[in-house]
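One structure is given below, represented as structure tokens, and several questions about it will come after.
Labels run A, B, C and D following the written order; every chain starts at residue 1.
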Amino acid sequence: MTNHWIDVKNADAILIMGSNAAENHPIAFKWVLEAKERGAVLLSVDPRFTRTSALADLYAPLRSGTDIVFLGAMINHVLRNNLFQREYVVEYTNASFLLDPAFGFEDGYFTGWDPEKKTYDRATWKYQVDADGTPLQDKTLKDRNTVFQHLRRHFARYTPEMVERICGTPKAEFLKVGHAFAATGRPEKAGTMLYAMGWTQHTKGTQLIRTAAILQLLLGNIGVAGGGIAALRGLSNVQGTTDMGLLWNSLPGYLTLPSAKAHPTLKDYLEKETPKSGYWVNRPKFFVSLLKAWYGEAASKDKDFAFHFVPKVGASFTHMDLFEAMYAGKIKGFIVAGQNPAVSGPNSTLERKALERLEWLVVRDLFETETAAFWKGPGVDPVKVQTEVFLLPSSTHLEREGSYTNSGRWLQWKWKAVDPPGNARSDGWFANQLAQRLKALYAGSTALKDQPILSLTWDYGKDEPDLEKVLAEVNGYTTADGKPVRGFAVLTDDGATACGNWIYSGVLPAEGQNRAKSRKADPPESLGINAGWGFSWPVNRRILYNRASADPKGQPWNKEKAVLWWDPTAELPDGKKGKWVGVDVPDFRPDLAPDAKGGGNPFIMRPDGKGALFGPLAEGPLPEHYEPVESPVKNLLSSVQANPLAVIYKADLDKLGDPKEFPIVGTTYRLTEHLHTGSITRNLPWLVEMMPNLFCEMSKELANEKGIKNGDAVIVRSARGEVRAIAAVTGRFKPFKLGDRVVHEVGIPWHWGFMGLAKGDSANMLTPHVGDANTRIQESKAFLVDVRKA
Amino acid sequence: MSLTRRDFLKGAGTGAALGGAVGVELGSAEAYVTELKTKGAKEVPSICYYCAVGCGIKASVADGKVVAIQGDPEHPINRGTLCSKAQAYIQVLQHPNRLTKALYRAPGAAEWQEKPLDWAMEQIAQRIKATRDATFVEKEGDVPVNRTEAIATLGSAIIANEEAYLLAKLGRGLGIVPMEHQARI
Amino acid sequence: MAKAILVDTSKCIGCRGCQVACKQWHGLQAESTRFEGTYENPPDLSARTWRKVRFIETVGEDGRLRWRFISDACKHCTDASCLAVCPTGALFRRPWGAVDLDQELCNGCRYCVAACPFGVVTFNEETGRVDKCLMCPDRVEAGLAPSCVTTCPTGALSFGDRDQLLSQAKKRVAELQAKGEKGAQLYGERELSGLHQIFVLQERPQVYGQPEQPQFAVASVFPSSVTSVLASVVMGVAALVAFRERGGKGEE
Amino acid sequence: MGKNPAWSWYIVWYFFVGGVAAGAYFLAALADLFGRERAQPVARIGYAIALPLALVCPILLTLDLGMPVRAFYMFRLFKTGSPMSVGSWALLGFGLFSLVSLILVLAETRAAPDRAPGIRRLRRAVGVPGMLLGFFIASYTGVLLGTTNRPVWGGNAWIGPLFIASAASTGAAAIALWAGRARIAGLRRLDVIAIGFEALLLVLFLQSLGAAAAVFLTGSFAPLFWGAVVVAGVALPFLLQLFARGGRGQELVTAALLLVGGFALRYLILLSGQA
């Protein structure tokens, strides 16, 4: 989230799309309804009428996988009717930048497409620059090569009629939503968008979110209170664990793991990964401080801070890559903790089969999960499974301490309430034990390959680690005396500082001070910044890009909801006058005056300081609609059916469905009453009694066609497998009328599995191993199925 | 003998008057009093386990047991409120099927065996070492790559930052590249 | 001062925090259920489910679909049939309005079960006694709100002085009507001389499974008694006619 | 709508047995009051029947409770708004009066001739409040059903009267059966009036139900209603007692029919509100 949960109350319009916030983030809805009480309009766009839609002022249905068309048409609507916030767009975005005249787009492809290699040559995806390399601009936005004019032309094809024919949204409903949200284009108005997996689990998920970002930039909604784009993350610390680098190519603080090809040496890494301008110029300080934190003494300057210890990536290992490799027998050992891929992994038939090919598997969880029990799952003969499995009992969050980072980037400390039962232990304990045991096993080895593990700094106590000590390392310290650094601004690239995760730096600014433990809330009637509650990364900033909440002269666009403004009289520590003041920590150099060079560039993480309407991703610098890899219809916008760069896996169990055999769109989602794979919640009687069985929601029309009655058992089938569910025949799903065609969609929650108190088939038996072109997240929100009465 | 509670009479209203609701109570029936079950319990603040809203919860602990889990009224996001999942969380702590012992399943076996935790940890460490040693790639050409792609880790997104940091540090320290978690799917 | 719970259905998102909060606070066991084509479960209020959210799909006059949620529990009526008929005094009224139940005094006669106009009071087969929502007297008397209210994220449930909640509810109804919600109405102000759980509804009570005109069961004692006395008189006269000896005529 | 209280077979039997006991008693008392020597068998037999049946009643009621050991909690309160509360006390009183009346019957038969009239006077005096309790016992169950929010029962004011008429006819039937070969004066006349009255009340009851009457008339209860209640319990005994002159055999058949009809009536009314 660019902003945070409470800030939603400051919005004038809330578009919930790709999320069912009332269902999956019920407490967040407190703030959605608070905004509504204050007069905000609540818009719900979803294939199905959800608990969120029930509270919305306007609801518009759309076929799964067509969100870019819907949002693109909103962009078109805003541009055509001059509803965008012109000054913001001109000053704060790259709208006025001139693109290479050779850049263009035709029939689904941007310039540079190589049909042989199936990749883009990005040579033309760039600005025209002057001799200094500064992009050329036309602030009138009239030049046909401006980003703005490209945007206009690109989205001109995204008309309300197209929305009706592709998304199945009645034109009138689309226009109502589009109009209501476009009203936030006025400078004093703010609109926010809440999304979740409904936007990410597509083969063009990243582009979809970019479409949203473009719209928000056009409407001047980024950086302001009540604005922003809110990724509603699904698990209590999925934000923090991502921040900490638990993704294959990531190191803590979003420092990329070096690759063998691009970064053979530290010098290569720093040169290639550090831009010339923007905040990332500091990357060497962050990276070197990380190496110091990890490898201590061994990370000496003369040895390139032990850069060679860091594993260099070769092949990709995103979730699906990992399981494909496992299925191919390339992965021998697997450690799974608090996750349950046998249920949550797409094409779970393949992923379960992959587990059989492991030599050993370690699972740590609260209950016996499907992943731990894969060897006795449906259709599996234990005798034939040679995998050794260790299942270790885990403690719950109330039986251990530590900090969680919520979706709004707030670090909050949680105190331990009780001791865990029996041999249940925390993940910290597991890591600590394992590190000590491995260090002991490798002790004395002089082999080069064993030096990284032997050099790894590790001193957190014997059993349960001292987590505040860990947090102190994460925060960073000066290597000379071990004193905490006050923030990442003082980190250095010469080895004088160590820091485990630069973005968290400042959480322990002084010894004995842990800002994650701060518990001073703002009064309810305030703007809701709550700077005294927890610690928000970076540097306790609550609204990212908040320089953009003020106009180019430094005055707030909306005085009533002012976040930041330039005070020319305020005194700086050095006695000079003029600084940014307000209720939040400036996301800007605090003394950089609006009229100074760069004083009007709010997006400091970007080299040019401008919001990127034009921003290259794998499949192009502007979002374009393609049909899902499995779709019942032809792409009406171009002859390119699916995202040309979608990742499609080709193992024998990776089958794709033919629309003739599987004419119905299938989608998966979650329920309030269960969490993810249900490994916890399907064991809790109070939750099971509310949601006992797997069900499949479908329209009355489809049910009629198939002779299915509400409550009947049905079989939902895809090219990958089939599941048995109970039919929920409802008016909340309606068939989509696409021109003269009718397309049906069904939905099925993915919480069930074969273990636990409430058992059922897993919806992911149906979903495919196909992934987003940028993130490789699976396309489980739009795939093809058929339904029949069981 | 005393008249029934005045409030009964008051409450009974018109309809009861028609029915002649004049009652006499023979026994003494004071309104029973139940003590607040959290009375005297220690309130431990924490953060909800489930989604990423980050609601504050407080666990009421008495005699080393959690007797109630409620919303933290001081928390600015949820202000004491909680959804159904969080309200049911106490059942995890009281659950008869919670894992409390290390279990081991030998190749081809049809059942789990209970094992001492220490044994399991040592075995795991040895498996990691064996697989790492057998699959470690020190160099690709001239470039030191120091990695193994034959050991993978997955999870978790519901552990503390500090724990995640330790796992990341240890994993990379061992040279493991395939480390993923819930954020990808 | 009479207390009450206000249920504002226009703010309910159906998260069912209240439903489970009640179970947690009172330690109520789960029921065995099956998904029957609706999110709503368990199917009804019961001895183990004192509060539940009902999910109602309905189509308005404008042809648009609505999905209504209502958090339902004991209404704590002023004219409380259950309390009025209870022969043992197990059901009683708290000074602040709640209809409470002393399990120690209940002998399981089930009269209250039949008497309740809302189907709230339920016999518990396991304990041989009845059960229902008590409005958390332990919490209220300690200065807290009932657990369902405390947990409600959106303010769909609130607790306080009944008078104050009533005026709040009326204001809300007016607001909703001004927004075009023509079905917005108050339920529980006058019904049964006033409920201690009052509702802001967006449709007719019937749509939410609530009786339009709940009846105070005891109201029929008087007419029934009159007819019974008259019938007794008739039988007295009949006996007089039958047994009075008139010289053995008619019968030997 | 209230939930189904699931009152069991014990309650059907209680309604029936209580009705017979109450009917027998109030008929006995009325015969004692209004009849002369020829009506004395009605009084003696009626009192004699009332006591044992009155003793069975609390047992049946107790067995139906969720917590039978707490049956005596019924006597914690006396709540005039609750028919069950008042009924419990009334049942206690009725049992006492039945006992006293039976003692006085036995006392009279064994007393010296000069003391017998005094005892009978005393019995008549005792019989008056006892009779009132009898009427109460006969009807309060109907009032109780009316004081609910169940289908058929809720708010209905005709079940009490119906139960009184039925108590009279089944009480008379019980007396007739007890008497065996002996003829009892006045019973036939009483039957005719009571059954006629019952028929009238049945019509009023059904009419008050409106559309809900269908459960009896055409619904799943219809065969039992028409067969057992209307034909066996009302029409046949009425016609037999009015027109036939078949002697003792006929009396006994009529009595049996009345008991069957009375039982079926209670059963159906209890079931219809719990369907």
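Basically, a contact is a pair of C-beta atoms (placed from the backbone, for glycine too) under 8 Å apart; a residue touches a chain by one contact, two chains touch by 3 or more.
Please read all numbers here as calculations on a predicted model, not as lab measurements.
Would you mind checking which chain's C-alpha centre is most distant from the centre of chain A?
Chain centre farthest from chain A's centre: D.
Taking each chain's centre as the average of its Cα atoms, which is closest to the average over all protein Cα atoms shown?
Closest chain centre to the overall C-alpha centroid: B.
Report the inter-centroid distance (CA atoms only) between chain B and chain C in whole Å.
Comparing mean C-alpha positions, chain C is 35 Å from chain B.
Per the centroid of Cα atoms for each chain, what is the distance between chain A and chain B, given in Å?
Spacing between the chain centres: roughly 24 Å.
Measuring centre to centre with CA averages, how many angstrom lie between chain A and chain D?
A distance of 77 Å separates the two centres.
Chain C: which residues touch two or more other chains?
Residues 15-17, 19-20, 23-24, 84, 89, 105, 153, 218-221 of chain C touch two or more partner chains.
Would you pick out the residues of chain A that each touch at least 2 other chains?
26-27, 30, 672-673, 685-687, 690
If a residue has to touch 2 or more other chains to count, which residues of chain B qualify?
12, 16, 19-21, 25, 27, 29, 69, 78, 81-84, 87-88
Enumerate the contact residues on chain C facing chain A in the complex.
Going by the criterion above, the answer is residues 11, 13-17, 19-20, 23-24, 29-39, 41-42, 57, 59, 65-69, 153-155.
Would you tell me which residues of chain B are touching chain C in their complex?
For chain B paired with chain C, touching residues are 5, 7-8, 11-16, 18-21, 25, 27, 29, 31-37, 39, 68-71, 78, 80-84, 86-88, 90.
Which bits of chain C are touching chain B when the two form their complex?
So the residues of chain C in touch with chain B come to 15-17, 19-21, 23-25, 78-80, 83-84, 89, 92-95, 100, 102, 104-105, 137-139, 141-142, 144, 147, 150-153, 192-193, 216, 218-222.
Can you tell me which positions in chain B touch chain A when the two form their complex?
My answer: residues 44-56, 59, 61, 64-66, 69, 74-79, 81-85, 87-89, 91-93, 95, 97-110, 112, 117, 120-129, 131, 134-136, 138, 140, 142-170, 172-185.
Please output the residues of chain C touching chain D within their complex, sorted ascending.
81, 84-90, 105-111, 113-124, 127-130, 211, 214-215, 217-221, 223-232, 234-236, 238-245, 248, 250-252
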